[in-house]
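Note that chain A is present in both complexes that follow, paired respectively with chain B and with chain C.
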Partner chain A sequence: MTPGRSFENAILAGPLVLFLLAILGFPTVLSLVYGFSETSFQTLTTPQFSGLRNFRDVTADPTFWQAAWFSLRFGAITAILQCGLGLALAVYLAPLTQRHGWTVAILIIPMIVAPAMMGLMYRLVLHEFAGPVPHYLYSWLGWSPSFLGPANVFKTVIVAETLQWTPFAFLLFLTAYQSIPQDLREAAAVDGTRPWRLFWKIELPLMMPTVFVALFIRFIDGFRVFDNIYTLVGAGPGGSTTSMSIYIYETFLRRGEIGKAIAAAILLFITAFVILSVAQRLLWGRSA
Partner chain B sequence: MTFKTCLRTGAAALAFMASSAAYAEVTVLGWPGGPEEAALRAVTEIYNAKADLAAENKVELLFTSRDGFFDKLQVDLAAGSTAFDINLIATYSIGRYAPFMDPITLSGEAGAVFGDTVLKTMQFDGQQYGVPTDLSLHFLYYRTDLIDALLADDAAKAKYSEIATQYLGKAMEPKAPADWTWEDFVANALYFTQSINPDSPTRYGTVIQAKNLLFNMMVFHSWPRSYGGNWMDDAGAITVDSEAFRTALSQAKMLFDLGATPPDSTSYEYAEANAAYASGQVAAMVQWNAAAGELTTAQAATATTAPPAGPDGRFTHIHGLGLGLNKAAENKEGAIAFLQWLSTEEAALAYAKAGGAPGLAAETAAKLVADRPDLVQVGEYASTYGFVMNGGTSENALSVYEAQAKEFTGYWAGTQDLDTALKNTTAAMTDLLK
Partner chain C sequence: MKPRMTLRWIVFAIAAFVMNFPVLATLITAFKPPGEVSRNPSLWIEAPTLENFATVLTVSDRLNVYHYLWNSTVAALIGALLPMIVAFPLAWAMVRRGVGRGMLFPLVVNLRALPLIIFAIPLYMMYSAAGLLDTKVGLGLILAVVNLPLALLLLVNAVADIPAEIEEAAHMDGARLPRLLIKVVLPLCRPALITTFVFGFITAWNEFLFGLMLTTRDAVPMTVGASFFFATSGGGVQWGTAAAVMVVAALSPLVLGLVMYRRITGSMVAGAVKG
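Coming up: the complex of A and B.
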């Protein structure tokens, strides 16, 4: 490459680099500064360097670990449920969706609703006195569970998240299922392979990369859950529905402990980065 | 359209926007939606119509969404935003916003118009940071049809006494709500709960909004306060781990455990609690005064009185919404002039007539008897029963409420015991109020 050409490239790339530095670089640097400083809303422009204190405070905070445990459980359970249901629906409904493509559009409707709106909707639908679900349960059975009470709230938010995002997993699996070469199925049929064995021995192994990707995406999405839980039940009694994102939000804006909130966000980023790297290696390992 | 035409149109639009900005130089960031916005719009019109008001001091209003309002305001103020000269403040957030605001001097009439108790809701470190525009406190809402039936029926009275003996350890007689202590409130709630008294006409005796939310702690505070509870003593020591808080928290916990409040009420806030009462399945509740219209419309037999009493007397948490001066304001002179006018009787009466709920001294409120009889009751309760906890306007008051909400709701929901809840609350408050 000639020096003149290199100069041209630099000029052409300059605006993009500057844009990225402004949009991504500045907040990153600022986050790092705040993460290692004693910062509140009063000292936004004069943060005092405090070393690792924020990280020590975060890791010594039982609420942080409670939130991490909640997010881990929530992410894992919802990812498994959504992928299990999505896979079953994709395979079971494949003949129908192949003949009538429009049915897919109906099945993915929940995914279109904003999560915050979904939370508000459930808040209304499940309300003992105003919601249709408890109303009909009382009418028919004379009893209704307290969906948002301490005993059931975790199950309720799991079900709400699963109902909304199973269509995403379904869509991924349907695409993967339909991309399996038809001649493989025909060859298996000629050999007398029964449907269950066809699925278990041929189709599922071919779909495994998609299963891993779907599990991974859904876990990450579940782990960082915020809007639907926050609008439905908030942080929960005693912080029982506090996810990592809710913890960071409340620490930052409600308690004004900006340094501590950023430190928690950095820890969350590092955790996500490690998980992403491991998952990527696993996927590469399988495809190699 | 040619490029030149586009340019001219754009320049004309910019010139129009610039002239509009010059026309309205005092920008007020108000509390959006609801009667507060309507009232603020009404008084602003009156102010802007004054013949002696300079064009550069006319007022324009700015409203954002209520969702996360105080969080957004916090960020704007901290960033030194000049988008508004005057901003909303609340009693519990004055300490947090004070570093980014300037204290103000109200009109000479302010003391007589609002009274000292209400003016104090806008003070921090002995300085006035805002004009009180709306006052919030709590009423005990109850159904007169249910209470009248109970008081008129000997068999019902006997059942009431039997339930009180079983759950509270003493035979109690039903009373008129105006004479209730918190024990009467609990006994009444148990009596009107179908799982305890199958003959109860309502499913639940009360509804306690117990979502992990700071505003719900304000509703609860009248309870421990009446037993002598406070956040801090005069020396600044945290006193939340006291017999007063223990008694109030335990009594409320009993209502959760015995199903006298809906089991979902650990996820309830204002709207859900109102919906429960409005359904006719709740006999009585303590709720914000702002709910009076809604609850009375839904249940015609609803009456209100002050919250129940404790050994130390009858109390209601009060806090005010108000308007104060942004330190970064670009037109401080104009803004101060508007704030001073807002604290006059003329403005307060106009604000009240337009739907606002200012806390007015008895003499001022008396001038509104025909238009706003409810404000007479609000003013009377505020001056007689109103309280602000020690530290309730401090820099971290909001965080204190947050900490209490987390710990107390955890206790009520059964995720932790009372000792742990109070120990954690004390630790958090010691850190926040040091």
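Coming up: the complex of A and C.
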């Protein structure tokens, strides 16, 4: 490579690299400094080195483990529900969506709406006096559960997240389903294979890579959830819907425990990094 | 129509109704007069009115929708355009010269799988030192980071789809690199650039966490402004007005998204599969 060329390459890559260094590189260094220091909003400019104390504080906090457990369960359950529903819809509705493209547009509306707005909309829909859901349940069944009460709030946020993001899984599966060569299906039809068997023996195995990718993406998104839960119920009754993101947010802005919040963020980063590396080795066969 | 197809239509209608129910109910509530909401929470409007929208679009101490909309527009424009500007030259260098293929590409693409809250706190401190806290530019910059992974991915795919012969021909004609990039490569990437912009704008507009943490008054975006409205109305939420606020807040991404839905769905799938 000529010197002129490597200079050119540096110019081409420069803007992106500098931008990342400024917006993410510097904060990462700050994170490391504050993660190992004693700090409050009053002493922001004079952090005192305190070793691993913040990490000890975080790992000794039961709320932290509660939040980690919530995020794991929330991510896993919503990913499985969304992928199951999305797969069923994509395969069953494929003949319809192929002929009438606009039906896809209708089904993906939920994911164009901001999750934060969706959370607020569910607040309206589920409100015991102003919400249509309790209204119809009362008039048809004479009874309506307290959706945001301690007994049901976990199920409620699971359903809200699932209904908003099933369209994403649906879309991935629809594309995967349509890319299965048509002659495979025709050959199966000639052999007299029933549709149900065709799905289990031929179509589903071909779609398995997409199923794993969709499960992974939806798990990651569920694991880091913030917006919709925060606007719907906040930390929830008794902190029952405190996700990792909400835990870090509350520790930082509500309680002003900066070092502890950053220590939690660093632990979250390490967790996410490990999950990501393992998943990528499995899914795409390359290292992260 | 065959009965099987009819059944499919029914399943489609149920799925569309259930998944879009909050949006539908909010839209209906927005057209109900203030007194009607608590008396009649059903999906039927007794006396449709535009009153709620009039309230929302009138500037008051409690709510200035124009201010939020403007903040969201500026921040989302920065958040959508900046990643394209910085990613485009690198995307070309990656495809044609393999620059940054090994480290930079996976690093950037993996950013989108990380929980955003990790960056929010150190960024808060950096912004408060740099005077970027509660500014549209500050918000736009971090939204640009959020959009960077998909921008790079889509542009790399777009450049890879351009036949090398076209560029070679331009090179033979004596076109130098800047001219080649701007006059030849950029126009050929137009479809990908439009997709990247639309997707980035919607993502940036819909973002909530950074708006919540990094703005307080001057640069509050629409998503956060709408949630303020719920929190501050003491003595019970005015549901009709609240619903109208949400309709206004969700309108621009929805219109943009539905007009361009083919592009968006395509880029979502590409982003997921090639990630």
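The rule is simple: the second predicted complex is superposed on the first by the 267 of 288 C-alpha atoms of A that agree within 3 Å, B and C clash if a C-alpha of one lies under 4 Å from a C-alpha of the other, contacts with A are read in each partner's own complex, and residues count from 1 in each chain.
By definition in this document, contacts are C-beta pairs under 8 Å (C-beta built on N, C-alpha and C of every residue); 3 or more make two chains touch, one makes a residue touch a chain.
This structure is a prediction, so every number in the text was calculated from the model and none was measured.
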| item | value |
| --- | --- |
| First (chain B), second (chain C), both or neither touched by A:148 | first |
| First, second, both or neither for A:122, with chain B first and chain C second | second |
| Which superposed partner A:214 touches (first chain B, second chain C, both, neither) | second |
| Between chain B and chain C, more extensive residue contact with chain A | C |
| Partner chain(s) touched by A:130 [first = chain B, second = chain C, both, neither] | both |
| First, second, both or neither for A:233, with chain B first and chain C second | first |
| First, second, both or neither for A:205, with chain B first and chain C second | neither |
| First, second, both or neither for A:51, with chain B first and chain C second | neither |
| Partner chain(s) touched by A:253 [first = chain B, second = chain C, both, neither] | both |
| Chain B/chain C common contact set on chain A | 44, 123, 127, 129-130, 253 |
| Contact set on chain A toward chain C in their complex | 5, 8-9, 11-13, 15-17, 19-20, 23-24, 26-28, 30-31, 34, 44, 89, 92-93, 95-96, 101, 103-110, 112-118, 120-125, 127, 129-132, 134-136, 163-164, 166-168, 171-172, 175, 210, 213-214, 217, 220, 223-224, 226-227, 230-231, 244-245, 248-249, 252-253, 258, 261-262, 265-266, 268-269, 272-273, 276, 288 |
| Interfacial residue positions of chain B with respect to chain A in the complex | 68, 71, 74-75, 77-79, 96, 99, 210-213, 262-264, 266-267, 272, 275-276, 278-279, 281, 396, 398-399, 402, 406-407, 409-416 |
| Of all residues in chain A, those that touch chain B in their complex | 41-42, 44, 63, 123, 126-130, 146-151, 153, 232-240, 250, 253-256 |
| Contact footprint of chain A on chain C as seen in their complex | 5, 8-9, 11-12, 15-16, 18-23, 25-26, 29, 37-38, 41-43, 82, 85-87, 89-90, 92-93, 97, 99-100, 104, 106, 108, 110-111, 113-126, 128, 141-142, 144-145, 148, 152, 177, 202, 205-209, 212-213, 223-224, 226-227, 230, 237, 239, 242-243, 246, 249-250, 253-254, 257-258, 261-262, 264-265, 268-269, 272-273, 275 |
